[in-house]
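Naming follows writing order (A, B and C), and every chain is counted from residue 1.
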Amino acid sequence: MSTDTTPLLAIRDLRLDFVNGDRPLRALDGVSLTVHAGETVCLVGESGSGKSVTALSITRLLPSPPARVVGGSILLQGRDVLQMAPRELRSVRGGIVSYVFQDPSASLNPVIRIGKQILETLELHRPDAANDAEVVQLLKLVGIPAPESRARDYAHQLSGGMQQRVMIAMALASRPKLLVADEPTTALDVTIQAQILDLLRDLKQRTGMAILLITHNLGLVSEIADRVAVMYAGQIVEEAPARELLARPLHPYTRALMDSVPELGRDVTRLKAIAGNVPQLGAWPTGCRFHPRCPKAIAACAQHNPELSLVEPAGSSRLVRCPYWNS
Amino acid sequence: MNTAIHKTGGWRRHGVEAIRLGLSRATSGSCAKCIRGMLLLVIFIATTSWVNADQKATGAEIPRRGGTLRLWFQSEWRSLDPAIAFDSATIPLARLMFSGLLDYDEQANLIPAQASEWSVSPDGKVYRFMLRPGIRFAHGREVEAEDYVFALERVLNPKTGSPGQSYYSEIQGALEFTRNETNHVSGLRTPDSRTLEIHLTQPSFTFRYVMGMVFAAAVPRELVSAQGDSFQYHLVGSGPYQLDFWRRGVGGRFKRNPHYTGPGAWVEDIVVMIGGDAALAAMMLERGEIDRVWLDPVSAVRFTRDPKLRTWLGVVDPVTTTYFFMNTEMPPFDNLRVRQAMNYGIDKKRLARFLGGLGAPTDGVVPDTMPWNNPQKPIYEFNPEKSRALLKEAGFTNGFKTTLWYEETRPLEKRAAEVIQQDLSQIGIEVTLMGISAAATGTKLRTRRQAACGLSYWYQDYPDPSNFLDVLLNGTRITDEGCNNMAFYNSALFNQLCAQAAASLNGSERSRLFQEAESVALRDAPWVPLFKERYVIAHHPRLRGTQAHPVWLWQFQQMWLSQ
Amino acid sequence: MIKRLFTRLLWSVTTLMGTAVLTFLLINVAPGDVARVIAGPKASPDVIKAIRARYHLDEPLWKRLGFHLGQLARGDLGHSFVTDQPVSEAILSRLPTTASLASLAVCLWMFLAVPLGVYTARHQGTWLDRSVLVAATLTLSLPAFWLARMLQYWMSYKLGWFPVAGFRGFWHLVLPALTIAILAVGYYARLIHTNMVQVLDSAFIRAARARGASESAVLFRHALPNALIPVVTILGMDIAFLLGGVMFTENVFALPGIGTLAVQSVFNLDVPVIMGTVMFSALAIVIVNLIVDMLYSWIDPRVRAV
């Protein structure tokens, strides 16, 4: 099915509302995102920007109501997720697309042994491999010591890092084509964060799966990403190969994000926080949504919302949602 | 059955508790429907006598053998052991398993039962019984005179805790035996195993009735000796039925005693169910789950209204009285005029209406349901003017205040207390009502100088006027505690008449002396006799042989099933 | 774990002791000559004396209290004043009835409440959800006595589907159990509903869905066990109360259980039985609490570690 020309995941112009009473609140406003097989894409943005919503939308994991897709399409290996029947959708979930969530301690069922939870995934997607040996193998794969006995543990008996490794093992159990890691390291402490990230990078190399990493931390991008998309207020504001974006961020918001990233050895007090707050759902400003916080905003920015358009700085081709990227 | 605390909790426990549920609703209901129902019930009870209802049902039918009679009782009792059983639920059941030397016929005359003949010596001190041959206990052994001696000694032994112990204290040597000075009662003799001789310390006419009580039934002496206390769970007697099994608080079953040769014992099994209330039992009766029930007032009204169910009803008039006593040792009731004023001031007919037909007015100390009566007795007709005049003469121009004690758990008494309160307020007496528990009546009503006035009741132990007059009003029997004479009435004339009557062995002379005694007591007015209770019973139409007995009220061994 | 158990046991014993002393005092300060109630009005002084000695009624109150507690410590609840039966025997002989009634009732209401709670949690705002809410509110305020009477009147008396009263087999238990179940099912359905709603909102449910778990697996394997954990405490308490005797229901249906025993003993002023049933209820609550505690560490692995 998947060929070089058919991307693994192609989100086109996705618009999604949250219906609260009679008033729909727009959460995603024309998001387009592509992930190719074997590629690592980072979706970056502050919380509330819609990046997690985007991630969950891929397999329609948002409860509906309140969530409601009002436009666009999500093509997974060329098939439209939005048109899928429940049974097909379930085979996609965990089968083609696996998730690793932010808080591993809450994402593991507290009353089911972790081995059993991994086994459940295997039974769903690789019934022929649904046995204890495979469970142990998976736990070993994610670097859990003494996997045989750990398999009989409950979630609360493991440390946060171990829990996240279990989540990853579970996600890998079905040998997915795409791993969606939604802030996988946020809840963990710094040294563990690095280990998990190493693990992901390592696993990607060994399995060849694509990774969609959702993070608010642009710092992770340099470590793992092939390509980066930056989200702000329900829209992608910039998308570029990781190296290029890091070398030359075009959108003012991307620049601001980069300024807020602590670098090793840098004094934390010199860190620049982005002024103002992320706009609330349904309270997006007119015009460019970033303009109230943008240091370079001009009067025109408040008038109309710019398109995400292809620009070509220094011979490269980049997508950015700011007509004044060059100034 | 003699009344009092035990009766409160025992004999009338069933009827009374059943009534408790419904009476206030039935009699105080303001809706016209309810009142009409009550009126119907009154009319029904007034126009129905038990015999009528039953004759219609039985006619000349020949009793049929077999089947299972299903009985229902509200709550469990101490035991059906004949030494213990002493209330309305247990006596008829105990009589299923245990028979004695004497019984009563339909006119309440004593007749020989397990005795083939019996006699009293001319001095009235020796009772002699000849046993009928061939009477056997349920386990097969023939009944012997020694079994009777054993049974009576068992009742007399304080360790048995028999409520009937004091009835037998007239037997020679009973006192010494009770005090553990001897291990045999000298007055109980068995010249041979067919003959029982009982020697008394003094002449007694009433001892014949005492021998007719269930306490005096034969028990198999070897089984009781072997089992001791646990005999009460493995009862064996010489009556028409034997215990098949018993689950405490749940019920049990009796089956026919194969060795029984006497009358009755028609049904094969008698199943007893315990628990719930009378309204519930009425529904079970209608659904055919039980055969007989003592109705609560609400169900009684319901049955009366229904043309079909009306024919299931019957009324029983037990020998009982409920009375208002006045403590003659406490002011203001130490004043004869005050006591008489109370007698004129209470409207018994109105009271009876408020009891919805479950109580009929009574004027004597002894209720007229006993086959003895006193045509010359003085009667106080309701007359508030006369009452007020008497109070004025007594110096209570403006009336007085007093407290009336009654047993809270007896709904008829409670209702009566309220009606009396209203009546007496008309003659200027302000009555405070105090409802107390059955247990508290012992310390309140039966203890000297505690209650100025109150309500109490008495059920006959045996059909003899002495059971009311001598027991309840004889001044020589007054004790400081546990006194049955709650009026603490002590008249030399009355006491003397009672003593003469008790000493007399001549039936008609006794009767006359007791008539005189009753008239004396009524003139002295320690009581206002109020009402005699009536029981409304419903039977399933298939149940026959339900005629009421003047002493036992009902005899399950005489009942049979038409299908 | 051992330490916790020990503390709990200590508390339990204290609770039982307190209950024992309090009931004893409450009942024994009520006026009335119990020996006369037992013996009957015509009992001679000798008989009364024998009875007083037998039940230790001739001793001063504090001595009787001491004796009573000593008896209790040996598991002896004394003898009924009315039937002279050992109280423990009276209670134990009625326990099977009450226990069968309680288990049938619990099964009935859980059997109804679990699907209702799960369904209404999954489909909030539907007419069924609303009806369950209304029914729960209604049944909570419904008097047991009234409901029992109504069911009895219509289902047994009028329609003849069930026996009116008594206990001669399983069929006699159905209507009483249904009464209790009806009173409880709304409450439990709502309780499970609330817990389910909460659990369904948690991250591990989303994770399970993200793994492709079917809806029924999500509901029954992942959500329900978690939602039932808090229910266990309340269910435990309710079972304890049921074992202590379902006074109204048992009495209405004339079931010879502990509830009818308790009510009868109060009517009869049968002091040892009153105290026995109270102690039994207290004991049932204490024991069930301990069991629930133990059970918790089994059903909720998180507790085990504490």
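Quick notes on this one:
By definition in this document, a contact is a pair of C-beta atoms (placed from the backbone, for glycine too) under 8 Å apart; a residue touches a chain by one contact, two chains touch by 3 or more.
Owing to the predicted nature of the structure, the values given are computational and were not obtained by experimental measurement.
Contacts between chains trace an open chain of neighbours here, each touching only the next in line. Sorting all chain pairs by how many C-beta pairs they have in contact places B-C at the top. As a whole-number value, the distance joining the C-alpha centres of subunit A and subunit C reads 53 Å.
If each chain is reduced to the centroid of its CA atoms, subunit B and subunit C end up 40 Å from each other.
Each chain gets a centre from the mean of its Cα atoms; for subunit A and subunit B, those two points are 91 Å apart. Touching of two or more other chains is recorded for no residue of subunit B. Residues 2-7, 9-10, 13, 17, 75-79, 86, 158-159, 161-167, 169, 178-179, 229, 232, 247-251, 273-277, 280-281, 283-284, 286-287, 289, 409, 436-440, 442-444, 446, 482, 484 of subunit B are the ones touching subunit C in the complex. On the side of subunit A, the complex with subunit C involves touching residues 56, 59, 61, 86, 90-95, 98-99, 101, 103, 106-112, 120-121, 124-125, 154, 156-157, 167, 170, 174. If you check the complex, the residues on subunit C that touch subunit B are 30-34, 36-44, 46-51, 54, 82-85, 89-90, 93-94, 152-153, 156-157, 160, 163-167, 251-256, 260-261, 264, 267-269.
Those residues of subunit C that touch subunit A in the shared complex are 202-204, 206-215, 217, 221-222, 225-226, 229, 299-302, 305.
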